[in-house]
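Note that chain A is present in both complexes that follow, paired respectively with chain B and with chain C.
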Partner chain A sequence: MRDWASKHRWESLLLVVLLATILVNVSLSPFYLGFGNFVNLFWLSIEKVIVVVVMTFVIINGEIDLSVASVMGFSAAVTATLYDGGQVPFALAIVIGITAGAIAGLLQGLVITRFGLPSLVVTLAGLIGFRGAARVLLEDRSVGDFPEWFESIGQRTLVGPFPVALILFFVGLALAWVILERSAFGRKVYVIGNSADVARFSGIEVGSVKLRLFIASGTVAGLAGILFAARVGAVQGTLGETYELDIITMVLLGGVSIFGGSGSMLGVVLALFTVLNIRNGLGLANIDGITQTGVIGLLLIGSVLVPNLAQKYRLRRPRAEAVAHGPP
Partner chain B sequence: MKAIKRRSRALVPMVVLALVIAACGGDTDDTTTTAGEATTTAAEATTTVAAETTTSAGDTTTSAAAAGDAVEIAAGDSITATFLPKCTNIAVFPQANSGAEEAAAELGSDPAEFVGPADCGDTTGQIEFMTNAVTQGVDAIMLSNNSGDQLDAPAQAAADAGIPVVTWDSPIPSATGESVFVAQVDFDETGQVMADMARSILGDDGGQFAILSATPDAANQNAWIAAMEEVIAGPDYANLELVETVYGNDVAEDSVTAALGLVDSHPDLELIMAPTTVGIVAAAQAMTQEGLCETIKVSGLGLPEEMAPYVESGCAPEFALWSFVDLGYLAYYVAYGIATEQIAAEEGTTFVAGRMGEYEITADPTRDAGLRVLMGPFSVYNAENPGT
Partner chain C sequence: MTESAAAEVAPNSGRFLRPERVKEATLLGIIALSVVVFAFLIDGYLSGRFFNRVTTSVVIVTLLAAAQALVIFSRNIDLSVGSMVGVAAYLTGDFLAATGQGPIVAMLVAMVVGAVLGSVNGLLVAFGGVPAIIVTLGTLALFRTLLSIYSEGANVLAGDLPPWVLEFNNVTLFTIAGFDVRLVFVMAVLVVLALQFALARLRWGRRIYAIGSNPAAAVQTGLPTASLIFWSFVGSGALAGLAGFMFMARAGTISATAGAGLELESVAAAVVGGVSILGGSGTMVGAFLGAIFIDTLKLSLVRVPEVSEFWRDAFLGILILAAVILDTLLRNRFNRRWSAEARKAMESTGRTAVGMARAAGGGGTADA
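Up next is the complex of A and B:
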């Protein structure tokens, strides 16, 4: 146990924070401990947590995708526009919407890998561009009245008390864990994140790995946009606006280095649980939205500050322990 | 190449942090009122106002039912309740909550929790607060819906849990999960009042006007705009031309931008009609700053205390509103009455709500489904009746 804790400093710290959050929540609100609330807690943020999983890969790889929330809006807008026109069957409109997300990821990935431009700039352009496209498609309209089966995907439960989107998330999470920490592809993601040059010299096809990650990011963001539409029952051009911040917050809080190369799925899952539980607890204690955002913002600053301070402290002592990098 | 890469990597955390900090400081109002430049126009403007201030307001009649049947809602058990506005940072919503607090005190109940999203366009935030209220097992929810049908599912969940959902200010269009809607005024009458104000401001020769609304989805604003469009289709309003409807999302900056956009795209525009307290102030402020008050007037629904400088300057010769304090008060009485089973949410129920008197629950004539309690009436404000 102590061995595990020393190898996983950040995860251990998060576990402590999470347990503390749960204890505070239990003492604050008698309604917190309930199965229904546990499901709600995920259900209310399901679009974000799905994208968090793929963002983890992108950031460990040493890149960033700021465009995810705009791509969510873009995919949903494409689907809604096709559906609103009345020409295209809705199921097909969904497929085209998700494909549009994949293409958005592909385009950005190509610019990043072929022209060697920083992903920060390219996806910042994507953030503006795809949001603009979504708003051009829908203008000020709100498209709703989707078929019954579609809204039930987001709103009704499939197995026991679990909505479809929730099941999708847990399956995706398991898959992502295996790929990142148990597959050759996952290894490459870490190596590239540590040093793209070293990866290139070792014969890793850096561009191909990056490109695949951006396509995945676009596709998952597109899917999240559709799930959002199903949960809420309407699509507007502003769908998902500013969600990229919450998504990146959860990944960084999970101990993933913003410089790439280190971080673990476990850390991100713990961070995700922590953020969702803090929001839920504050909500049940009737604390308003502005304060909730403030608390999460403080957490993020702490998550960047604490490891840096800890490292400085360790460096000052000559017999420094090796800084743990990568997965276990 | 390598150097660029390294620098860009160092940029990443900085940009991310900056973005997050920007998002945290999301409090956007603080609209500094800049009036006083238009001193010369004041005299002129007052004359036009004085000339025509005939608007059809106040003909709302409450409950024609026999007085003897009315249930007087009385103090009883304390209830737990959630008072959920469209958002918490617009002046009218804390006002409504103060009315609800007044009612709770009279009824010997704990005040309702006043919670809501920071931003009026935040539909998912409202879904979250609604879901949390159901989890908390409150006795009643009082809601001003900030979207269209997006709240259907959580409202139905509340109804399934036996929690009455009393909407006020803005209803659930389909009435799904809703017990009753406490309407501030008759929604068709809102259209009539806005059309009459437009006619009074534009004069006999009419002219072009545009609408600056809240969010594109807002159930109440959309109903009012539809009602107004219907009224101005009539022969008496033939020379009023509605050129465009734009949306400022009940955010001050967005509304200013939308108002200035209208000015740019319609050179013959003479009036901006804003059926939202945020939009009307923003439009008046924008016209004042641009020095356009002479040619483009502003009207709609506004708070007297926020509009006073623009009434004085002649930028907004006339506007209307109802009391949000009374609306919150009445909504709390209705919610309390239903939650304590003193009254039933069904057609024909009559009741007495404290200082406000007798009301009746009727079918809502402005929606396909749903029940309504009609508060009314409108107050029209102008230079003679500034309301402050």
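Up next is the complex of A and C:
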């Protein structure tokens, strides 16, 4: 146990914070540990948590995707527009909407890999542009009245007591875990994040890996937009606005280096649980959304600052210390 | 190496067509072109009224683009500018409602508020060793939270402010043929020019660029990188504070969400203006032109009858992308030409020229 803790310092820290949060929350409300609350925890932010998983890949790869929230809005807007016209069956509209998200990711990925532009800049343009496209499609309208099966997609149980959205998330998470930490592709993602030059000289097709990640990011963001629409039962041009900051915060809090090359799925999952539980607990204590975001901002800074300072004061002791957070 | 020696060896300093100049000229050309296009599309576009509207509206984005560029030059970023604008605008408005002070005191208050917030960012980045994007992502939320707690949901109302506040934006220094030159615009221009001078000519400014183009080398040369970065964040905060003052003067009524979203607009303006997100290159004048371009587009597109107002952001995204791609292509072309020139010089002359060409080639790559 101690061995694990010294190897996974970040994850241990998060685990402590998470347990403390859960303890406080349990003392706040007796319903906290109920199964219903657990399901709610995920369902109420399903659109964020699935994007967090794919964003982990993108950031470990040394890139960033600021456009995810806008692509969410764009995909949902495409689906809603097609459905609202009445010409297209709803299931097909969903497929086209998610495809639109994939194309959005493809376009940005192409610009990033072909022109060698920083992803921060390209996806910032994407953030503005795809939000604009969503507004073009929907203008000021709000499209609702979706089929009944769609609006209940999240709550309806599929296997035993587990609802569809939850199963979707955990299956996706398991898949992502295996790909990132147990497959050749995942290895390449880490190597490119550490040094794109080294990766290139090692014969890794850097551009193709990056392109695939951006397509994945767009596709998952599209799916997230659709799930969001199912949850709230209506689509507006502003759907998901500013979610990108929340999503990136969760990934970074999970110990993924913003410079790429290190981080683990375990850390991100713990960070995700922590953030959801803190928000849930603060909600139980009647603390508003803006303050909740502030607490998470504080946690984000503290989680990097405290280990940094601790290391600074320990520096006198001569000890070679590896600071890698990635899997061994 | 002393500054003057550095200037003598700097390979591109003697050239008339430096990449920054070319970028600025290109952007100026694009702005002129878009104005001509809009003049054809919109009746009565080239009027004094529109000029006045753009020059007053661009002030806030200009100051924020400058704030952003200041930290981007040293390979950092400040995502908290929007929240700093909100806090500075609200606190200054609150202060004015209580005391009824004049504009100079109010501006100072706003800038001090901004500088204090900026120093929080600076401390954490420069001395805490936390990456700027993490710090400012955190303070983006944190500053907003503190403001929302402080305000308790109440707004600063325009009616409570001293009467000069709502007149401030319309103060006109002089008028040429219906084109008013407003005080706020002149102030923004002066700020940009002062920063441009400081960054291009003062030791402090050159060091900021040095950190941005190679942080590790800057440390090894013995530059006080931590304190330089700290002060650039303080400066960035003060500029955001000044933008907060302008925001208050324009809006009058200020809620706790004032200025939200401006952080991305400021990054967009700086990037369109040719400021490299990787640090070490770009100019304040460029960032200013980027701000003008974005603001002109935003204000013009809504007036084109064929285009619904909802097209604005979609266009803006495409144009930002186009500007950045153009910038990259242009820069690659220049680098190629210069390295070809250096090679030619190396072939035609003797050994001393080889050394010079090497210096030129090295400078060219450092510029990229």
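FYI, the second predicted complex is superposed on the first by the 309 of 328 C-alpha atoms of A that agree within 3 Å, B and C clash if a C-alpha of one lies under 4 Å from a C-alpha of the other, contacts with A are read in each partner's own complex, and residues count from 1 in each chain.
One rule holds for everything that comes next: a residue touches a chain if its C-beta (ideal position, glycine included) is under 8 Å from a C-beta of that chain, and two chains touch if they have at least 3 such contacts.
Since we're looking at a predicted model, the values are computed, not measured.
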First, second, both or neither for A:I128, with chain B first and chain C second
second
For A:F170, using the defined touch cut-off, is the partner it touches chain B, chain C, both, or neither? Pick first, second, both or neither.
neither
Partner chain in contact with A:G144 - chain B first, chain C second, else both or neither
first
Kindly classify A:F185 by the partners it touches after superposition: chain B alone (first), chain C alone (second), both, or neither?
neither
Is A:F259 in contact with chain B, with chain C, with both, or with neither (first, second, both, neither)?
both
Pick one for A:F115: touches chain B only (first), chain C only (second), both, or neither.
second
For A:W4, is the partner it touches chain B (first), chain C (second), both, or none of the two (neither)?
neither
A:I301 contacts which: chain B (first), chain C (second), both, neither?
both
Name the contact category of A:Y313: first (chain B only), second (chain C only), both, or neither.
neither
Need the overlap of the two footprints on chain A, from chain B and from chain C, as residue ranges.
116, 118, 120-121, 124, 242, 245, 248-249, 252, 258-259, 288, 290, 293-294, 297, 300-301, 304
Give every residue of chain A touching chain B within the complex, in rising order.
29, 31, 34, 36-37, 40, 44, 62, 64, 116, 118, 120-121, 124, 140-142, 144-145, 151, 155, 196-197, 232-234, 236, 238, 242, 244-245, 248-249, 252, 258-260, 280, 283-284, 286-290, 293-294, 297, 300-301, 304
Under the definition above, what is the set of chain A residues touching chain C in their complex?
66, 111, 115-118, 120-122, 124-133, 135-136, 139, 237, 242, 245, 248-249, 252, 258-259, 288, 290-291, 293-298, 300-301, 304-305, 308-309, 312
So in the complex, which bits of chain B are touching chain A?
1-2, 4-5, 8-9, 11-13, 15-17, 19-21, 23-24, 26-27, 82, 88, 113, 115-119, 121-125, 127-129, 131-132, 135-137, 147-150, 152-153, 216-217, 246-247
Touching residues (chain side chain C, partner chain A) in the complex:
79, 124, 128-131, 133-135, 137-142, 144-146, 148-149, 256, 261, 264, 267-268, 271, 277-278, 308, 310-318, 320-321, 324-325, 328-329
